[in-house]
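Order of writing sets the labels: A, B, C and D. Residues in every chain begin at 1.
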Amino acid sequence: MTQATRALEEHFNRLIEADQRVEPRDWMPEGYRKTLIRQIAQHAHSEIIGMQPEGNWITRAPSLRRKAILIAKVQDEAGHGLYLYSAAETLGVSRAELLDLLHAGKQKYSSIFNYPTLTWADVGAIGWLVDGAAITNQVPLCRCSYGPYARAMVRICKEESFHQRQGFEILYTLSHGTPEQKAMAQDAVNRWYWPSLMMFGPPDEESKHSAQSMAWKIKRHSNDELRQKFVDMIVPQAEALGLTLPDPDLKWNPERGHYDFGLIDWDEFYEVLKGNGPCNRQRMEHRRRAHEEGAWVREAALAYARKQEERARKEQAA
Amino acid sequence: MTGPLFEYALRLGDDALILAQRLGEWISRAPELEEDVALANIALDLLGQARSLLSYAGQVEGAGRDEDALAYLREERQFRNVQLVELPNGDFARTIARQLFFATYQLGLYQALATSKDATLAGVAGKAVKEVAYHADHATQWTLRLGDGTEESHRRMQEAVDRLWPYTHELFESDELVRGLAAEGVAVDPATLRPAWQEQVTGVLAEATLAVPEDDWRPTGGRRGIHTEHLGYLLAEMQYLPRAYPGAKW
Amino acid sequence: MTGPLFEYALRLGDDALILAQRLGEWISRAPELEEDVALANIALDLLGQARSLLSYAGQVEGAGRDEDALAYLREERQFRNVQLVELPNGDFARTIARQLFFATYQLGLYQALATSKDATLAGVAGKAVKEVAYHADHATQWTLRLGDGTEESHRRMQEAVDRLWPYTHELFESDELVRGLAAEGVAVDPATLRPAWQEQVTGVLAEATLAVPEDDWRPTGGRRGIHTEHLGYLLAEMQYLPRAYPGAKW
Amino acid sequence: MTQATRALEEHFNRLIEADQRVEPRDWMPEGYRKTLIRQIAQHAHSEIIGMQPEGNWITRAPSLRRKAILIAKVQDEAGHGLYLYSAAETLGVSRAELLDLLHAGKQKYSSIFNYPTLTWADVGAIGWLVDGAAITNQVPLCRCSYGPYARAMVRICKEESFHQRQGFEILYTLSHGTPEQKAMAQDAVNRWYWPSLMMFGPPDEESKHSAQSMAWKIKRHSNDELRQKFVDMIVPQAEALGLTLPDPDLKWNPERGHYDFGLIDWDEFYEVLKGNGPCNRQRMEHRRRAHEEGAWVREAALAYARKQEERARKEQAA
């Protein structure tokens, strides 16, 4: 390491230490850059793959108001994807490259989106549980040490908490509707509860990247801390909904000041992660098909832009 | 018998509703993320217009039907949209051709309707003009890119324009009902919108190096509830939940 | 709580019903007229089995539900078919691969079920054996033609086999319910059908110059009402009319 | 004309005169052959295009019994197509050639199939009116002078009359059901009535091919005679259904012993014939797509058959 590099690294470390933001113009260790690219890309991919399970209900939303809210929500996810790919671009990697990595199966997206949305209530359950877990994960990221990512997260978190309230409201309406509607809501919660707990990633003792990420202040809390926080949040919300959570071991622990909860089926988690969830193949095929079927459109836009440039140049020359 | 104003509000509302439904099918399938956002945006605008117009229709009718009763509990033969908006999306070129034809029509319509003597229609139209101007611009930009882009995009865009052109005639058909309302200063006679539409659209097509199709076939019937065989499938999907759970609130 | 026999009849009936519905989509779209006839024929056989089985389920349940109430007025989560039969048709190769896998399974099942102590199940199965033997033969002949035909047909058929193979595991899953009924001599434990199926199918694939896929992914859930996202659309279309006109007779 | 040909022609004329059947092995005038090919092909094409409007309701039939009947009916149409293409093949033209002519728009099919099936009642109206008109047209064809065609018609007519009864029964059930169902039935009859009258072709004074066809005993009755026969048949059936026919001029004429009926809109007829009906383009596109998407399958079957032959030959040689 040259002396110049050592000086840069010290500057970087001081920024981190002082809880200040690292910006694209700043020098940063290669590991930091790689970790951020991996994390931001995975996050961006999750937003765009996440459009599918909810998008599945756009044409079948049961009222025009719900349809409008759902379209707006899925549109927000596309927008979040855009912010996040832009944040990643500040680290020197283009959206097209990241999409190629996604399509080649070389980068991941959140496993939660590999479960199917079987009924309308799933849209509510995703809003309440999945967006709820996402917010729990993401709120600390608003203070992430990398500036562009932190700023994208501020904007995203604001919208996500809106989405979570909408999901809660869908479930509330169902659980206070007809007996069939209440059963539909309970069934959706039963199916989405455990996968939402898995969204925080493996238990701390198995988490590969956590320690370094915490040191770099990319991450602020461990997986298990965040998971506990989430459980503590949703238990009273489930009561307000009049729905139960499918965990017989769930109960308040006055000593810990937290809810205890049952064992997570980590085998299922790793199976889905490996590609063997109910919808992994479907999600990737849908995504790849949209990309491939859109290739001629993107090429046309490029060709047109080039022609326009050419014309402008000729006009100037004339 | 329902009155002409009810019927007129349905026509406008159904056009917006069915096109919003079709555009909603695109979301997560667009050629790039920006277009997922743009198509969702247009769908949302149209859905908003549809909700206002169908609510108003229900109010005018006075039989207690709200926007959802009208959207979800009518049968195919009671829908009043033009056939253009119910056609399957096809590829991106077809969707853009339909957007160009429809948004240009709707922009002229709403601009004129914004001065309607009917305060509600004038309000809905006035608010929507800005939205629809964006829709028309979006479609125009893409028509130029696809028409004057690559060989393949040109071929596809020309095919799309040729295929959908026959369905544009129905947009400008007038009948006794609409002429009556137009005479009262309430509605806009669609026939009056044609010259400006023709000029605008043929101008865009020319700039996009696309040929304007010959007028030959003129499919029609939507305003009388005669649709293509595609609408039934769209409605089966759209209306499923309220049909399956009669009386439930969502 | 409904009894195991009701549940078992539903499983068999729903498999037949949903596959009949998918095959019905082919009619007027087949590669040649003979196949329009053949696929319609198979759909009709399956539909006939579904009607007998669902009628019987309704009878066993004793709640006044007939075949139509069970086919048209249950929700997605109440359907008990395996996921294999609800998957979209895809191209002709995929449809044939599904037919090969399913008909071979169903033939073994019905042959065994024909000696059930339950006279109705035995009767339905006994009558259906001949039909299903034809289905299996039809699929086998086409698997050979496509596998050992042209380069393109070989590629497509291999792709189809690879894509659908994971869904075959679910056919042979047994559970307490079916083991209980099997112990009483009423049902056939599907796990017992696997070896003969495997031998038969891998033999056909080998003769068709097709590779037998590796076992990896094992999607499942149909017997508990956990389906793919495709079933909801199928049901919305299939059930639309009875949902839209509650109580009407047709 | 050589003497031999003259002798053959006399034999042909005697067969026609004596109301006997001309068979494929018999000599026949070129015009007779061409007329038959055109007519049988158009008839065959009508059967296979006719699968579409009804096929449109297979997935949406409102009861399992109706679904089974409908599948069987559409299957019969495919079967009729097969008989008729076979009959045409006895005249020296293959099915593949005829399909190519259809797909190229050089041969026609019955214009009736260019109207959409908008509701379930349309399936009833097609069965009752369209199959009813078809039978009226076809029963005399069972005595057509060309043997293979006459025999195909015998078989077809038997099935068609079954279909007509089923259509009648669908409408009867609807017209005796809820008010909405009755309205649905009446609406379908209103839409299909006039097009079904057009199925008999233009009025006699405008019909191009009729005189020669009658002389050759391909045709036995004029268009207008058949149309009158059809109207006389359906008026009492409509009464039995409790439905009206949308023709204010329809009334019994005791002098003629027939029902008088209103003027047919021949402009509409010629527009549809020209290709401008509501569904002409859709029907042709559907048909062409099925054919094109099936090409690789037909090629595979052919390739496999050749390989099998080759193998058999080698085995024999060994």
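Convention: a contact is a pair of C-beta atoms (placed from the backbone, for glycine too) under 8 Å apart; a residue touches a chain by one contact, two chains touch by 3 or more.
Note that this is a predicted model, so its numbers are computed, not measured.
Under the touch definition stated at the top, subunit A and subunit D share these contacting partners: B, C. The greatest centre-to-centre gap from subunit C, using C-alpha centroids, is found for B. Averaging C-alpha coordinates per chain places the centre of subunit B 38 Å away from that of subunit D.
Among all residues of subunit B, those that touch two or more other chains are 75, 236-237, 240. Contact of a single residue of subunit A with at least two other chains is seen at positions 60, 180. If the chains shown are joined wherever they touch, the resulting network has some other arrangement, not a path, ring, star or complete graph. Looking at which chains touch one another, you get A-B, A-C, B-C, B-D, C-D. Remark: subunit C residues 17, 21, 24-25, 27-37, 40-41, 43-44, 47-48, 50-51, 54, 67-68, 71-72, 91-92, 144-146, 148-150, 152-153, 156, 237-238, 240-242, 245, 247-250 touch subunit D in the complex.
The touching residues of subunit D, counted against subunit C in their complex, run 48, 51-52, 55, 58-68, 71-72, 74-75, 78-79, 81-82, 85, 95, 120, 170, 173-174, 177-178, 180-181, 286, 289-290, 293-305, 307. The residues of subunit B lying in touch with subunit D in their complex are 75-77, 216-219, 221, 226-229, 232, 236. Taken together, the subunit D residues at the contact with subunit B in this complex read 53, 56, 60, 116-119, 180, 187, 275-276, 278-279, 281-282.
Of all residues in subunit B, those touching subunit C in their complex are 75, 233, 235-237, 239-240, 243-244, 246.
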